[in-house]
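Just below sit the structures, each encoded as structure tokens.
Here subunit A shows up in two complexes: once beside subunit B, once beside subunit C.
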Partner chain A sequence: MFIASRCRAISHRAPSLIFPKFGQKRDSSFQSSPYVEDLGSVNRSYEVTKDTTDWSYVQRVLPPKVVPTPVKKDVYPSGWRPQTIDIADKPYFIKRTKNHMIPCYLDIGQRGIKRTTLLKSIQGDIWQLEKEIKEFLQPQVFQILRVQVNEFVGYIRINGDHVNAIKYFLEQKGY
Partner chain B sequence: MLRSVSSKLNTFTLKRYSTGKTLVSNEIQAIVEPRKLDFPSKYQTPRQVWLESLDTIDERKLGLLELHPEIFATNPRIDIIHQNITWQKLYRYVSYAHTKSRFEVRGGGKKPWQQKGLGRARHGSIRSPLFKGGGVIHGPKSPTPHFYMLPFYSRVKGLTSALSVKLAQDDLHVVDSLEIPTEESSYLEELVKSRLWGPSVLFVDSTDVMPRNITAATDLVRHFNLMPVYGLNVYSMLKHDTLVLTRSAVDIIEEKILYHLNRNDTRNVLAKYKVDQV
Partner chain C sequence: MSKNTEKALNILRALPRVCLANIRDNPGSRLGPKRGRAQHGGDKHGAGNKGSGQRQNYMRLGYETGNNPFYLRFPQENYYKGHHLKRQYPPLSMLELQKLIDTNRIDVSKPIDLVSILNTGLYRLFPDQHQFGVNLTDEGADIFCAKINLEVQWASEIVIAAVEKAGGVITTAYYDPYSLQAMVNTTKFFQRGVPIPRRMIPPPDAIEYYTDPAKRGYLADPEKVSEERLVLAQKYGYNLPKIENDSEYDMLTERKDPRQIFYGLHPGWVVNLRDKIILKPKDEELLEYYAS
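Presenting the complex of A and B:
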């Protein structure tokens, strides 16, 4: 019913005189093809159901409103790991993003020359984390590691591209 | 029963252990209002706040509420609060300053004096910007709108920062409802004075149809304002000394902000703001 009434409302276009109903038309739009109901009597039959099990199949298709919590598995094929930290005596904490990823990013500046690693969403003793990151990263670089700590906003910025190293470091600790 | 428990409360102390969990005795736990926090924080403990009532002038505690730490105890980002305040001031501001250019000032069509022979500087119009009474170069034109849109998550963070600042400074109070026994404004003034809520108070309820008594009482007092929860904004929170939320307003604030902090589809809200968008 709904579709039929809509079609009638739209079908104000005069039918083409040059081309018959089924002919192709250059630069045609969706409106130039004939409507189904113009082809003859169409039998539309459907049934309305209020079955809750049917609705559960519909719900399964609908996108979730908020990011779902991941299903628990031992190993994930992508290599992603959930946060397994027990915060009992941890001085600091890194909150995962809403997509359950470690908030560590590569910032590229000065037209691709300057590369810095940004670790965000740090709560707790940020200076302890800075110390541990320095201990972890310093053997891997030749120069003295330059690290900027912003306690107010809760981020640490490290000179150079150490994104994967930082992610590995945090994953080992369960963050 | 609640009254008797709450009167005893002052004798108890809340202990904080290194696990980050607040341990409370059984009697206190009895009056902690059951409240399920969605998306619980793994590190921060829920912030506790007294549930108060407006039905007596003296402070009467009905229980303890737990508030979500990511909304009521985030980093007090005063930079983001400032961005929000600037934005709220500017988006409604239209500058009506106006100046006329040399072609809009009346006259000046005739060459004031001949080009050569007088020993004077050459000029073509008395309305040139070099002349007194002449036009203005690149002057302000009226009307100049200053509308812009702050990024969506700056606005959300502004709300959480402002709420956290208010709670940390003991300027946020939660009441069970905005029902007061009388419609005299003197009752509310005395209540605010006795509870040291400061001169200006913003009452926020979940609905925009408020109880009759409080609307009548705050009608003529210009520093007591009522606001539905959908109107809550950073500017008003900072403008008033104290923010009084009803319990249902707290629920809605938490639900909406948590949804935005964890929502799946941010494509539309992160897109560039179009002036004609709905």
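Presenting the complex of A and C:
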């Protein structure tokens, strides 16, 4: 097997060194097509330019290296809002993600059965935030709301899917 | 004393004294519970009695434990014939597009095409999985209000109306998979040092869509497209903004050549990112090949 593949590898470039008469050629294989250097001198004339207008079009198609910072606008039709909060006089703070979104996610576990809402990147008085979330969400659910607070890591996990409610709650407060 | 040692000692000074409340075992000194077998504590270990739970062999979707499954019971379903060969257009809603514009991920002052949508990193495309570009869906068409020059691969009538009502223009354009692969990661493509490919014409079953002025196809007659713009405005009952009088007329009327895949860059050019130079072919043979 190894020898056979070696023979083919040699044969497609030049007449076989081992079996000069029986150089195998398979037209169906890409390996049978000749290399550019075997075709002789292929000279293509090219014009080399450093034109700035042409280069501006290249820069237009290159992706930005970092996530762009949002520009301040009067209205945001999509419903997204920039963080407007002043941290100084607030008991807690929630850091936006690098994509300028609220770090609130839906976690689906137990093979699609269990749904929990995860609010991350909480700094400051996490217990105050938990109290306010409970006050906001409790009227909307029938059972007693089950909330897990991890003060050390800085997250709050709520039983059930409340992602949009939490995002609305925080956006109203300017977070 | 080294800087680090000093720092560590400073931290230690600020820390509370070691007491029973703040010490813990050495790492690895405590062994976790072992799952014993048979007489060594063997039982169900929380996995239930028999079946998928215990054996962890959760069955595949549609499997009916040995029955002839429902999805295979009928020998053919002609509706789905050749579904694995059909062109796919992964959706992007107008709400998401508006959000990309609001968060400054897309520059509105330049024409928006598949490259600028892919460059946000929030929309992914796999040309090798028969994906051929963006299907702009009408979710959020009511709130959409950005004046843009947009080029997508598939758009419904409502989407076209929403873009044109906001003062923008929309074109539907076809790209062959090889061109799409160059657009997916432009940096990587330029680094390969190969010429920018020329865009292929659409396959026979897509020609009709991309030459239709009602679909704003890129191969349609521009005269008929402007006529269709008026027809759609009257159908949905809005005043068509005049782009001729617009301050951004040049941006709104910028179009690609049917053989071109990047704005301003012609097929056949080789871009060198390191030296910031562009190589343009001069041979008659190549110029003829890459000509539109």
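Here, the second predicted complex is superposed on the first by the 114 of 175 C-alpha atoms of A that agree within 3 Å, B and C clash if a C-alpha of one lies under 4 Å from a C-alpha of the other, contacts with A are read in each partner's own complex, and residues count from 1 in each chain.
Assume contacts are C-beta pairs under 8 Å (C-beta built on N, C-alpha and C of every residue); 3 or more make two chains touch, one makes a residue touch a chain.
Just so it is clear, the model here is predicted, and its values are computed rather than measured.
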item	value
Which of subunit B and subunit C A:Lys50 touches, first, second, both or neither	second
Touching partner for A:Val61 - first (subunit B), second (subunit C), both, neither	second
Touching partner for A:Arg26 - first (subunit B), second (subunit C), both, neither	neither
Partner chain in contact with A:Val71 - subunit B first, subunit C second, else both or neither	second
Chain touching more of subunit A, residue-wise (subunit B, subunit C)	C
Which superposed partner A:Gln83 touches (first subunit B, second subunit C, both, neither)	first
Residues of subunit A contacting subunit B in one complex and subunit C in the other	63-64, 67
For the subunit B and subunit A complex, residues of the former touching the latter	18-20, 41-44, 75, 77, 259, 261-265
Subunit A - residues contacting subunit B, complex	63-67, 83, 85, 87-89, 93, 95, 98, 123-124, 152-154
Of subunit A, residues touching subunit C in the complex	44-51, 53-58, 60-64, 67-71, 73, 76-80, 99-100, 111
Subunit A-touching residues of subunit C, taken from the complex the two chains share	58, 95, 98-99, 101-105, 110, 115, 118-119, 121-122, 140, 143-146, 186-187, 190, 262-265, 270-271, 273, 276-283, 286
